[in-house]
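First up is the structure itself, then whatever we jot down about it.
Chain naming follows the written order as A, B, C and D, and within any one chain the residues start at number 1.
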Amino acid sequence: MLAFLARRLPSVAFMLLATSIIAFLLPRLAGGDPAQTIAGADATVDQVEAIRQQLGLDQPLPAQYLDWLFGLLRGDLGTSLITNRPVGQLILARLGSTLELALTASVLMIAFGIGLGILAGSVRKGAGRFGLDSAISVLLATPPHVTGLILILVFGITFNMLPISGEVSILRDPVTGFSLLLMPALALALPQAAMIARLIQARMMQIRQEEFVDFARAKGVPRSQIVLSHILRNSMGTAVVATGIRIGELLAGAVVIEAIFARNGLGLMAVDAVTSRDYQVVQIVVLGAVVIAVLTHLFSEILLAALDPRIRLE
Amino acid sequence: MIKKLYQMSYLGGNGMGDAAVSGSPKISRRHVLGGTAALAGLATFGMPVAFAQGGGGTLRLAQGADAQPKNILAGRAGNNSWRHQVFDALTVLDGETGEPVPVLATDWESSEDGLTFKIRIREGVTFHSGRPLTADDVVFTLEQVKVPENASQMAPLVRAYTSITASAPNEVTITSETPVAPRIFDVLQLAVILDKDTFAGLADGSQVVGTGPFKWVEWIPGASLRLERNEAYWSETPVALDGVEISIITDSTAMANAMRGRVDLVLAMTPRDAIMFRGNPNVELIEAPGAQIFPLGLNVTAAPLDSKELRQAIGFAIDRQRIIDQVFNGVGTPSCLWWRSNEPGTTEEMVNHYHYDPEKARELIARAGAEGAEINISVIGLAPVPAIYEIVQNNLREVGLNPVGTVLETAAFDQGQTAGDLGQAFQQIHGLQGFSAATLVDALPALRDTNPSKFAPERYRQLKDALQSAQGEAYAPALAELGEFMLDEAFSHILLQTPPLHAKTPQLQGVVWDNVGFLHLDAASLNG
Amino acid sequence: MRSSTPLIEVQNLRTAFAFGSRTVPALHDVSFEASPGRVLGIVGESGSGKSLTARAIMRMLPENASVEAGEARFDGRNLLELDENAMRAIRGAEIAMVFQDPQTALNPVKTVGWQIEEALIVHGAAKAGARSRAIELLSMVGIPEPERRIDEFPHQFSGGMRQRVVIAIAIANSARLIIADEPTTALDVTIQAQVLRLLVDLKQRLGIAVILITHDMGVVAEICDDIVVMYAGRVVERGTVEAVFADPQHPYTRDLLHSMPRIDSERRAELPTIPGATPDLSRLPPGCPFHPRCSLAEDVCRTSVPPLAALPGRPGRLTACHVAQRLGALPPRTAAIEAPVADRQFHDQAPILVVEDLVVEFSRGGLFGRTPPVRAVDHVSLDLRPGETLGLVGESGCGKTSLSRALVGLNPISAGKVEVDGMDVTGFDAAQSAKVREQVQYVFQDPYASLNPRLTIRQILSEALEQRGVARGAREAEAARLLDMVGLDPSYLERYPKAFSGGQRQRIGIARALAVEPRLLICDEPVSALDVSIQAQVINILAELRDRLGLGILFIAHDLSVVRHLSDRVAVMYLGRIVETGPAAEVYARPRHPYTAVLLSSTPRPVPDADAMSRKIVLGGDMPSPRNPPSGCRFRTRCPIGPLYHPDRQICVSDEPALSGAGAQKAACHFPDEAAGLVPSSSP
Amino acid sequence: MTMSQTPVPARRPVLNEGVARYLRALAQPQGLVGCGLLLLLIAAALLAPVVFPGGVDQQSRDSFLPPSPAHPFGTDELGRDIFVRCIYALQVSVSLVIVSVPIAAVAGTLMGLSGAVSRLLGEGFQRLFDIILGFPSLVLGICIVIIIGPGWLSLVVTIVIFSLPQFGRLARGALLSEEGREYVLAARVLGVSKGKIMLRHILPNALDPIFVQVSLSMIAGIFIEAALSIVGLGIQPPTPSLGTLLNVGIRYVYVQPMYTAGPIIMLLLLALAFNLIADALNAQALKTRGE
């Protein structure tokens, strides 16, 4: 495992370095700057210029980049240009909200995804199969934000069962918090769940063709046990990898969902940071997202190795 | 359905109608220049002592913009809710009359020529840190207004002062080459008195120390702000609320939704969200002072807009009432002026100078020979301006013009605005309503000398100067002359003025907004 | 002959596939029986229905297949009428099955112990005793250190060992019938010998009945007692192995036996072939399905299907042939047995290919960190002259494909020298590559993978002709000529590869290689993916082209019989090295390396011989990994004359033997004279 | 492709069979329904301005009329017909993906196949794809919008960037699996140039999954527009796009639910059409591989 990590390290490091450059340049390429945001709409030219100097934005770009990079290496995430707060602190403050959403969505995604996948992989003919296939296709084609809007229309407006937007921490008010969390989490989870279900279904279909499944039948193993010990067990790798990747996507999708359901999480913070040109925050959010994507990827590969003896022992 | 309240009644009781408002005591003009013993600041608003007893509790408040302690000296939407809770100003402008009311100042006097101005500062006031307030703090604060980094809209005014000195431990003297009053009251309203020792803490909000009725306790940027009652507040009238919890909810609908049981007060709701609360007995909607104006700026140097007829035609082409009805759900008033209509010298004719008259617009366009002219409009991408643009575009098409809109992202738009460079035509959004017209003509980007309309004839500056040095009775005619000149030149059409729309529960009493729309909670209570 | 009553009797079994609304019959009236203590071989080429028959008995048909009629009486019960639960109780307990590919027959994520225990537990064994029984079974099938290996995963076992595990599972519940579906097809000959020996051993020890499904007549001859020959979903001949091999009574059986290249017979100029290809089940010809390919076909054969019937005077012999039934026996073969040809000598010509001390190494790894390279080919030298055929023999993983691909620039050359037509092309720069291309071409193993499915035959050949510089306008005629040369109709030019059978595709592959008019053809296992009846056609064409065009052929194969038929000289490879080389006749007659001897011994011969198995040298163990080859002689870890059996022969551990010998035959062995004695004398 | 100068009647160029295969795929029931639906939607979008003269932007004082025969989806806050705007908005969505997805498909495929020419280049592009996939999509989208300015062009760029990795990875997958195929080796042994091998052998076999992906990416693109417009950074008013309609519609969801439901219906219809086409192409691809 250490060898595996060591092998992956250079490419991961390269990716992160490249990402850091993109993350650094991207917001700076956009017109307007944080000095303007701080100075406000009514500001005069000299006010904006004074603030720009105060923020060190008059320094050459490479100097700014290296400054940031070395700070990162020392564990300093930088300071928000707009609020003057350490970026780490800002993220921590918003993390709870996004975590609540992402965790709930992950649980829903895994439950729905694996459940649907197993069902779709087990039911092989008739109306059930058609129904499951169609359901997965529809969910798959509908991205989180549209799912979210549909949920709002159905449960928020038509049946008026759930509040449509806003946020209360579950820790503070579990009932309200959860009722506010349910729709965004579902919206986020369903398309990803469908993706997982599709992969598990395909994998199960594929495993079903494998000779060892036939051999198990020839051993006299009952069908249910074949599905459980042989087909499902061998499909788990796919499920795990799929879930790992999907959790990354889920976090990415959280941004729009947070906007639609007005949740004050990291996604919204990222959007605010971009619009207010809070470079330091944008950089960390982007880099962090890539790090999370890389980590979930690595983690799912490690988990896959743990599940599959063929990889485990290499 | 929407109650027009500039301040909350303290008579108590439920179901306050307009009668209750009109019958209630106002923030009154008891303080005259050089007046004698002024009553104690906001506490003089006649708050019955008995009222405070049952009114404890923590006020939960929702707003869309985040606090910006760093920019406390500048007008910022996110600061309106807490500026006067944590800090006190020397004077504030009365929400009804626009006259200054003493707070940390006890009285003030102006020299005959108006070039010297003395303010006496209340004694026995301490900062939250326990340190007594001195004239030095006032001088420090005013000096900070001048610093460009603090981005105060009042910076040009203060920079024009020749000296700001602490002439006595509790007296500050200001001298200038132009009359200091009455515009000084705009400065004093915005320049809340800062603690010079902890000023650096404002940058990141780690130390926000004022003399106000509440203490700044915890700020989570982008999420929440918590204030706690200042037990050592100087006022004789006790502060009723235990504290204030401000939630920042950037999505307007979500913010409005918070009104459903999660907060007591929602600031600056959009009219379209307010529709939700139609007929809801638990929600009271309030139109407060501190309106926003929506200018349509025209670059007088860019053909074909160099034609005054065409510029005027555009003014007549726009159906302001439809904008109010359809974009603002009826909240707002058509106005062609850049300042409050109760400014002295303002006439009904000026307010409605440009009314919806497509015929006249067509005629003017024909006269300008600009039929079918293409007009590129930069639109700030801040709701609801793009929606206004949709109607503007429709109206201009109706009169035979060819408007082409580009919605610019806020930062990009602001950059253009600061640089005075927004192209042919542009739709802006401005606040600061409630300050005097004399201040606004130099503070509003649309009006200041380097405006993006490139409108800078000598006469414009002369009229501004005349207004700014006008004392007493001379003010009204000076403003009327300037206003009429600006309307005729039509370089910046104000489409309408909309008051901020706040919502509160009936339980919340005693909330006051001053003339520029800043919130005051020292007299508020939750005792429904 | 029959020692006991049959354990299973299959009567008139019919199955059909459903394709949408269409039903295609697959098995027609298949009947046979298997008895305890005997091995029944069901033999047939791909598509003959032999696997389907096994699955029908196990009631494990594919989802779109169904039993239409017939019965399969096992122990008095008709298996085809049992409900799923009753059948499940029989599967694995009464009837067990062994699958073809041991790589895929075991669940990769469960330990082998778990998988054996599962078989025991589902049939009622207590969990407690299951593990010790599993260890016992593992040791019974000859897996060393079963206590340790029981907790290993399938991928930690070699192919042969895995097949042993599969067999252990099959016998776990003392099944009385084992159906083995091509159990050794995926294995190398030395491993095949091990597994076959195990099966025979178990049959004898446990008295079980075995149904062995195979396409290999040699395997049938060596271990089966009875044989059922299937063709196009029908049984065409049945009988005891001795009788059928001695005197086949169906033209198909007879032609099949004749068209096999034989390791033990003299080399012949041309193999007898069966024309045409095996028919598609959904497009069977009317009448006898074999009649389009049958040299004896009569009118009746074209219209009516011959029943499987006993021949008068031959008890136990059944054949489905109108001619045999009418005449009482098949008429003798008309085609003359060709005279053996002698090995040819080519010393007088300049070699077209010279390889000296070639080394091919593979290293894996990205930009950073590399794994140590694996030496697939280790100092190999060989040469080849025009018109000559060099057979390169070895088991999978010995490096023969790595070597051959290096010769055409597909693999990197790490060291050594390659000369083509006198020119050093080791560097494979532009000029050298061009030289190689015009002189050397390659025929690939898999006829299904070597033709781009999206190109027509014309496009495939044109591409090659373009390389030769044939003008656009001339390419069509030239392509037609090439097709004609490999015995295909030029009208096929516009077709896509999918329209062709395996043998035809392989001929197209040869035509493509010949398009650039090379002087040397490298054929990498060109017939190993083909059915026996098709193999002969391709081999004949290669031989004919070689002789006609004076081509040199480097013929790579694992099948010694095929190599024997075609080659003038042979080279035997083991673990990246050539261990023996020399004229084919000498090497086959008197091997001087024990590995050659073992290969010769392991190769099944289509001659029934009850004792064949016992006389074979069966190697223990598996081929070591080329990643980590043994010191000294690389074969010493398995060598029957090495330190394994003669502990005093430490020279094999310490010194690597060089390729040496007095004459043309050279071997890399310290004890070259002992090898010949290892080969069992073939039966008369 | 090789085209003969002297026409031989029996000769069929490479792509003809390919084109025929895709046409056959689309002639399947799924494909027919998908294409039909798509064509219907496109026709409706193109005809909208003709059928409803002045229609998409015809404002009136009648805000929020409920759905009626005259206004099937009711009217919006400016008194415009929501149905007409939804239909018209299809133009934006479809034109966006029809421009951007093919660009992404071609560029991504080339980037994916570049590994055949230079290993380093191929690896580099793969890492780039990893970064794009790891990027928080909306943030990248917003950055692009801010850099280029909101509107059609920045949406095209965004969709192209987000679609690239899909195609790049498919192409690379095809390259890796095809590179070792014996017919590719055979061509190499024959001395066929890298370019021709790519064109004749590798590319055609990579095309099946790529065509399926084109269809799927079109759905994704349509939804990217919607996502960016929902946060106010997409197509700018008054031009209606499905996303901008949703952006405003969701604000009036209590007053006029059709303002949200209408665009969603259109989005789902478009997605359905492309999905059916993708399914049909995929079925054909599987069938070819099975042959």
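In the analysis below, contacts are C-beta pairs under 8 Å (C-beta built on N, C-alpha and C of every residue); 3 or more make two chains touch, one makes a residue touch a chain.
Protein names from UniProt, one per chain: A, D = ABC transporter permease; B = ABC transporter substrate-binding protein; C = ABC transporter ATP-binding protein.
As the structure is a computational prediction, the values presented were derived from the model and not from experiment.
Participant: Across the interfaces A-B and C-D, which one involves more C-beta pairs in contact?
Facilitator: It is A-B, judged by the count of C-beta pairs in contact.
Participant: Relative to chain A (ABC transporter permease), which chain has the most distant C-alpha mean position?
Facilitator: That would be chain C.
Participant: Using mean CA coordinates as chain centres, what's the chain A (ABC transporter permease)-chain B distance in Å?
Facilitator: 41
Participant: Can you give the whole-Å distance between the Cα centres of chain C and chain D (ABC transporter permease)?
Facilitator: Between these chains, centre-to-centre, one finds 49 Å.
Participant: Where the centres are mean C-alpha positions, what is the separation of chain A (ABC transporter permease) from chain C, in Å?
Facilitator: Going by mean C-alpha positions, chain A (ABC transporter permease) sits 51 Å from chain C.
Participant: Between chain B and chain C, what distance separates the C-alpha centroids? Give it in angstrom.
Facilitator: Taking the mean C-alpha position of each chain, the two centres sit 91 Å apart.
Participant: When you check chain C against every other chain, which residues touch at least two of them?
Facilitator: 366-367
Participant: For chain A (ABC transporter permease), give me the residues that contact two or more of the other chains.
Facilitator: Only 11, 30-32, 164, 259, 275 qualify.
Participant: Which positions in chain B touch two or more other chains at once?
Facilitator: If we look for residues of chain B contacting two or more partner chains, we find 253, 409, 411-412.
Participant: Show which residues of chain D (ABC transporter permease) lie in contact with chain C when the two form their complex.
Facilitator: 2, 4-6, 8, 10-12, 14, 17-18, 123, 181-183, 185-192, 196, 200-201, 204-205, 288, 291
Participant: Under the touch definition given earlier, write down the residues of chain D (ABC transporter permease) that touch chain B in their complex.
Facilitator: Counting only chain D (ABC transporter permease), the residues touching chain B are 57, 59, 61, 63, 77-79, 145-146, 149-151, 232-233, 236-238, 248, 250-252, 254-255.
Participant: In their shared complex, at which residues does chain A (ABC transporter permease) touch chain D (ABC transporter permease)?
Facilitator: 11, 14-15, 18-19, 22, 26-27, 29-32, 137, 141-143, 145-146, 149-150, 152-153, 156-158, 164, 248, 251-253, 255-256, 259-260, 267, 270-271, 274-275, 282, 285-286, 289-290, 292-294
Participant: For chain A (ABC transporter permease), which residues are in contact with chain B within the complex?
Facilitator: On the chain A (ABC transporter permease) side, the touching residues are 30-33, 36-51, 54, 79-80, 82-85, 90, 93-94, 163-168, 176, 259, 261-262, 264, 268-269, 272, 275-277.
Participant: Given the complex with chain A (ABC transporter permease), which residues does chain C contribute to the contact?
Facilitator: 58, 60, 63, 88-93, 96-97, 99-101, 104-110, 118-119, 122-123, 153, 155-156, 166, 169, 173, 366-369
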